[in-house]
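I have a structure here, written as structure tokens, and I will follow up with some questions on it.
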Amino acid sequence: MSKPFATVVESRTSLANKTGSWRTVRPEYVHRLPPCNVTCPAGENIQQWLSLAQEGKFFEAWQEMVKNNPFPATMGRVCYHTCEKACNRGQYDGSVNINLIERSIGDMAIAKGWSFKKSEVRSDKKVLIIGSGPSGLTAAYFLRQFGYGVDIFESRKYLGGMMRYGVPKYRLPRRVLDAEIKRIQDCGVNTVCNRKVNNIKDELSNYDAIYLAVGASVASSVTIDIEPGSKVVSAVDLFQKIEDNPNDLPNLGKTVVVYGGGNTAIDAARTALRLGAKDVKIVYRRTINNMPAHETEIQDALSEGIEILCLRTISAINGNKVILDKMDYDEESGILSRSGENEMIVADSVVFAIGQAVESSLIQGIDGISISEKGLISVDNCMMTGVKGVFAGGDAILGKRTVTNAIGYGKKAAKCIDAFLQGREYIPNSKNEVANFKKLNTEYYQKDERKEVSRLGNLDFEEKNVSYSDSEVVQEAMRCFSCGNCFHCDNCYSYCPDNAIIKHEDGTLEIDYDYCKGCGICASECPCGAIKMTT
Amino acid sequence: MLYQLEGSQAVARAIALCRPEVVCAYPITPQTHIVEGVGELVRSGQLGNCQYLNVESEMAAISVAIGSEAAGVRSYTATSSQGLLYMMEAVYNASGLELPIVMTLGNRAIGSPLNIWNDHADAMSARDAGWLMLFAENNQEAADLHIQAFKIAETLRLPVMVCMDGFILTHAYEKVDLPEQSEVDEFLPPYKPEFSLDPENPCAIGAMVSPNDFMEVRYMAHRRQLEACAVIDKIGTEFSAKFKRNTGGLLRTYHTENAETVVVAMGSVLGTIKDTVDDMNQTNGNGKYGVLSLVSYRPFPDNEIREALKNAKRVIVVEKAFALGRGGILAREVELALKGLDIEIVTVIAGLGGRVITKSMLAEVFRQPKGNLVFLGLKEDAIRQEYKTVLNKGGA
Amino acid sequence: MSSLTMGNRFGQHTTVQSSCDRPNTLTSGHRACQGCGEGLAARCAIDVAYTAAKGKIAVVNATGCLEVVSCAFPDNSWNIPWIHSLFGNTAAVASGIAAAFKNKGQADVRVIAQGGDGGTTDIGMGCLSGMFDRNDDVLYICYDNQAYMNTGVQRSSATPALARTATTMPNSQYSGSDPETGKNVPDIAMAHGIPYVAVASIGNLHDLERKVAKAINIRGAKYIQIHCPCPLGWGFPTAETVRIARLALKSGMYPLFEAENGVLVGSTPVEEQIPVEEYLRVQKRFAHLFGKNAQPENIGILQKIANRNIEKYRLGGMSDE
Amino acid sequence: MFQVRIHGRGGQGVVTAAEMLSIAAFLEGKDAQAFPSFGSERMGAPVVAFCRISEREIRSREPISNPDAIIIQDRTVIEPACAFDGIVDNGFVLINSPADVETNLSNARVKCIGATEIALEQVGRPIPNAVLLGSFAALTGVIKIDSVIKAINTKFSGKIAEKNVKAAQVAYERTLGEM
């Protein structure tokens, strides 16, 4: 007699009952955009290299970084890490210290002499890049990866543009900058300094494409009556003097006034301190929260004892007397008007940091290239000017001028040029949905404070060594939520009441739609919002 | 070997000889001494390799047995009367799961009113629960039936209830011949389940069955009950051959060859009936009376009964339970077995709630039954008190 | 990345449920509702038991949701020796199985009895107490979804105060299950002095796995009660089952603790207790306590219950021993 | 067929007396059957037990209405239990009483013996059943004293058995002496 009919049943015969038919909605593994990636001006896949860092694979992490940004070490010093501001963990127990991880790995690359992968692609076409700032160098790096011949003409004495002439040494040590520039040169980029291009017309015939990466290095003029003999200098000239002849540092005297509210003003003020000034004031016409400078910069300045006089404009400079007009600022309307009162402060010298304009002499008289009223070169969405084959990027086309932005545009320019030279149209890849905080389930993240490291050194041009140790890199990287992308925590696999998620040997997960009933528990219990319920 | 033992102790030893591995004990008069007896045998080491569980209710008693049987070991329990009703849900469950449990039913009346004495109402309440039901005429048969019951159960994969009359048998001291352990081992091989809870090859026991398949399950259970008659007969014959005494099997006849009147009954009353019939045959000298001892009540051996009774003119069924407002239960079934034969059927309801059954009462009704539904020894005056007139629809 | 997820790609503190080769003792194709808490609890508990017992387990399943959905011919979603007991005799059947295996010299086969709250706290209490009394070597797991769900959400003795069920339907004079009633079965189990009693929840699968594995390796009677929110019975979206289980823990409404031989030996602390309202508001079975004729004083009763739980089971941490 | 009815009260070993009597008969190769009155023997309540001894298989289950011998373990039950009803002509009546008891039975062979006293003396417990069996053997000759002794040893063991055997022998000798 075999087993009793119906009353005794073999194991697992329920697999014949495909409950998938119960579904009205279905879970899908998706790739949502992590907020950090979304905000990164250089388009870095931050989450990806953080994930590699978690595994201690620093070299692979660095390779991932330089897929989009050849200046990780520099970023670690000068980037205003909008990624950290956007980091979802900020709404939990403190954002991930992405900047310091990037810096630490960038430093490792320099220390260990990691080099870029040689690209095998070869093309006989040649591109001229005018200007060796972050956008020019980045464009050069990418164009080399695409196989093109690249020449860079730099009007100044050294390469680096604003990275060298706009960022003081105490923030960005030159050994770091030089190392990262050299790495790009080693890719076969031909660079020529002190090579001013008067007009691109002369070069149009020699190159298949030209990239205007001239930046915005001309100090904006200002209409203040200045008594001759008053010591007045623009921040750009000040930085160039310090940079080009380091042994003959200018003397600004004991009290210095810096006029302006941006990062350059902050750098100028902190540089003045390091040049021996004892009393440094920043004069800015609006309120402190309107200052374009990054709040970390403002904090650093204040902590070094720099005073910020807001709602003040300089009306006149007579020798060491600076006449300031007090301003009224209407919060709602944003209208700024003179209050009629003024005051006088004493300054041995005044540094103007009220913005920089684009050097446009080299494109005068070429029809097709136009300058907007803000003095920026106008380009189409493929970054091409009116003249075919002539592209422009970086500060020269940007309102928002940061090193990171410039790098981002350098990469985009290289892609546009590549597309142009291949005769196809540059199409940026589509953007997925953003993984915002609401989509996460933070119950599964152990509370773990962000590891802060103080960045302030003493008042000299030396940078305080402040990188993470290897284990600190891993530990801080571990705090990454991996927003919007599966990090193999197995929650979905474990919480599915129907065993309807398959975990393969290599740990990858797959939903078994034969049996998934669409209850949605996997989506709810996914810590990082990597599962979406779709109809 | 011969013993002078209380019926319960004889059964306890018979059970021990069958090497049960799990015994569930819960007290209820009149079977209590049986489970006590087995407990003693386990504690004293005479019955080794056996888990003896004191459970908290009859429901637990049968449930533990279901569990252990399902796990593939021979299991035994005992109950009576109210206990059988309390475990009834599990009684049906056990047969449904085809678990060959053996359970002794110390027959006792069902309340209310509460009554601890003997009758067959409890057995009748479980007659369609899918268990096989064998009735012992005396303690020798009670002991022997348990040994046969394990073999029958495990052959058919059906639970067996061995019924023995409460007090009259369970508490009576009698001579009983108990076989040696080696003999029983030869007769009753170790239990080899065809399915069980086995981690090596897992299966699910007791799935829910939908309308789509339920009828088939029930039909197959029906077929197995029919097959049971042959198995019980075969094993009864096998037992008699080995142990040289005619106990068990489906039924036994006594002087029925040319009897005009045959008395049919189950259980211990058969002893008194046989004495009565002997006396009556001697007095008027022509062997008019015979007796049919029915051992297997379920399955009900229709053909064998028909064969045994076909020449009788009158069949008197003495039963210790009845369908209220209806009459005999066993009698109806006997009547069905004799369908088409010109035989008068008389139902005698006797011994309810332990009421005394004497030879003289039996002789009187065998000689001259008043109507075809007789309540033996009914106190007419008590009834008249209650009813001004006695309902004569079959009332004696 | 963190230690609270079920597994992680670094192989640290992984759980049974997160491993590739987990036994899947209850597999796909069962008929539990979408988002069934009991289905999840059973999958996890029996997988852990199977693993801890090196594959040698036998399971008795009381009548109820789990049994009906997991084994209806021809669909059996179990992959273990499994037997359906009646509604009220689960513990007794398990005792029988344990006795059988013990007698066959296979006491390494671990016997598990499982049932819903109805099958355990009400109809099965007699047999359960009997099993405890004999200290039979059985682990009894009660999947507590706090009502008779299989028959349509009728009140059981595990139904919480003021909850709406088909037999405790609120109206203007009546606001759900009477707060003066109900049974605390873990306490009852502790009173039997059995070797191990624990309360777990699908809101904390790490804790659940630890407790089941621990129980498997203990001889004698063990009782584990697992909180299993039921989307259908309690009225919440099917995706919220685990989240609601967590809210029950964080509010103190369902204390997690362990007892050995009748003595409390450990409990899972509630870091920051959330107001009980947060747990109640998301369930339709408590909807009558909110809305236009809200019942703040009744919510107060539930808050008192939660606070008492925290104090009684020392969910504020066992330090003040 | 020799039928015996034993009367007494719950807890006095009335049922055990019947059982031992049946064992004794069995040991002599006879068929015997003993059964209680199937009541719930509460301590002190009147109880009756029966024993049948025969050369042939005993089948009938009807109670004993015409006993050949009656044993009264507690004389206070005689009246309430109508203990002497149905005794056969010239039947035996053995009464546990130190002094003679008026039974106003016309033709019964009545014997009284202080069984409880002997039991207290020999065994130290007021349980008269073994003692009465000893006397019964002498009075009726249906069973031998050796069988009674063996029966006692199946029911009791150790010191208790020894003392009850002694008590039975004393009763047997005394009754034989008075025959």
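Lettered A, B, C and D in written order, each chain numbered from 1.
Basically, a residue touches a chain if its C-beta (ideal position, glycine included) is under 8 Å from a C-beta of that chain, and two chains touch if they have at least 3 such contacts.
Since the structure is predicted, the reported quantities are computational estimates derived from the model, not experimental observations.
Relative to chain C, which chain has the most distant C-alpha mean position?
Max centre-to-centre separation from chain C belongs to D.
Could you quickly compare B-D and A-C and let me know which has more C-beta contacts?
A-C
How many Å are there between the centre of chain B and the centre of chain D, using C-alpha atoms for each centre?
From the centre of chain B to the centre of chain D is 34 Å.
Find the geometric centre of each of chain C and chain D from their Cα atoms only, then give the gap between the two centres in Å, rounded to an integer.
Taking the average C-alpha coordinate of chain C and of chain D, the gap between them is 63 Å.
Need the CA-centroid distance for the pair chain A / chain D, whole Å please.
One centre to the other, that is 114 Å.
So, what's the distance in Å between the C-alpha centres of chain C and chain A?
One centre to the other, that is 52 Å.
Can you list the residues of chain B that touch 2 or more other chains?
97, 202-207, 209, 213
Residues touching two or more other chains, restricted to chain C: which are they?
71, 73-74, 76, 78-80
Where in chain A do residues touch two or more other chains at once?
6-7, 9-11
Can you tell me, using the touch rule above, whether these chains form a line, ring, star, complete graph or other shape?
other
Which chains are in touch, pair by pair?
All touching pairs, sorted by chain label, are A-B, A-C, B-C, B-D.
Would you pull the chain B residues touching chain A in the complex into a rising list?
Spelled out, the residues of chain B in touch with chain A are 96-98, 157, 194-195, 202-207, 209, 213-214, 216-217, 220.
Could you list, by residue number, the parts of chain C that touch chain B in their complex?
55-58, 60, 67-68, 71-74, 76, 78-86, 88-89, 92-104, 109, 126-127, 129-130, 133-134, 136
For the complex, which residues does chain B have touching chain D?
Going through chain B, the ones touching chain D are 2, 4, 6, 29, 116-118, 138, 167-168, 171-175, 268-272, 274-275, 354, 356-359.
If you look only at chain B, which of its residues touch chain C in the complex?
Chain B residues touching chain C: 21-22, 24, 49-51, 53-57, 59-61, 63-73, 75, 89-90, 93, 97, 196-199, 202-210, 213.
Chain B touches which residues of chain A in the complex?
Contacts found on chain A: 1-11.
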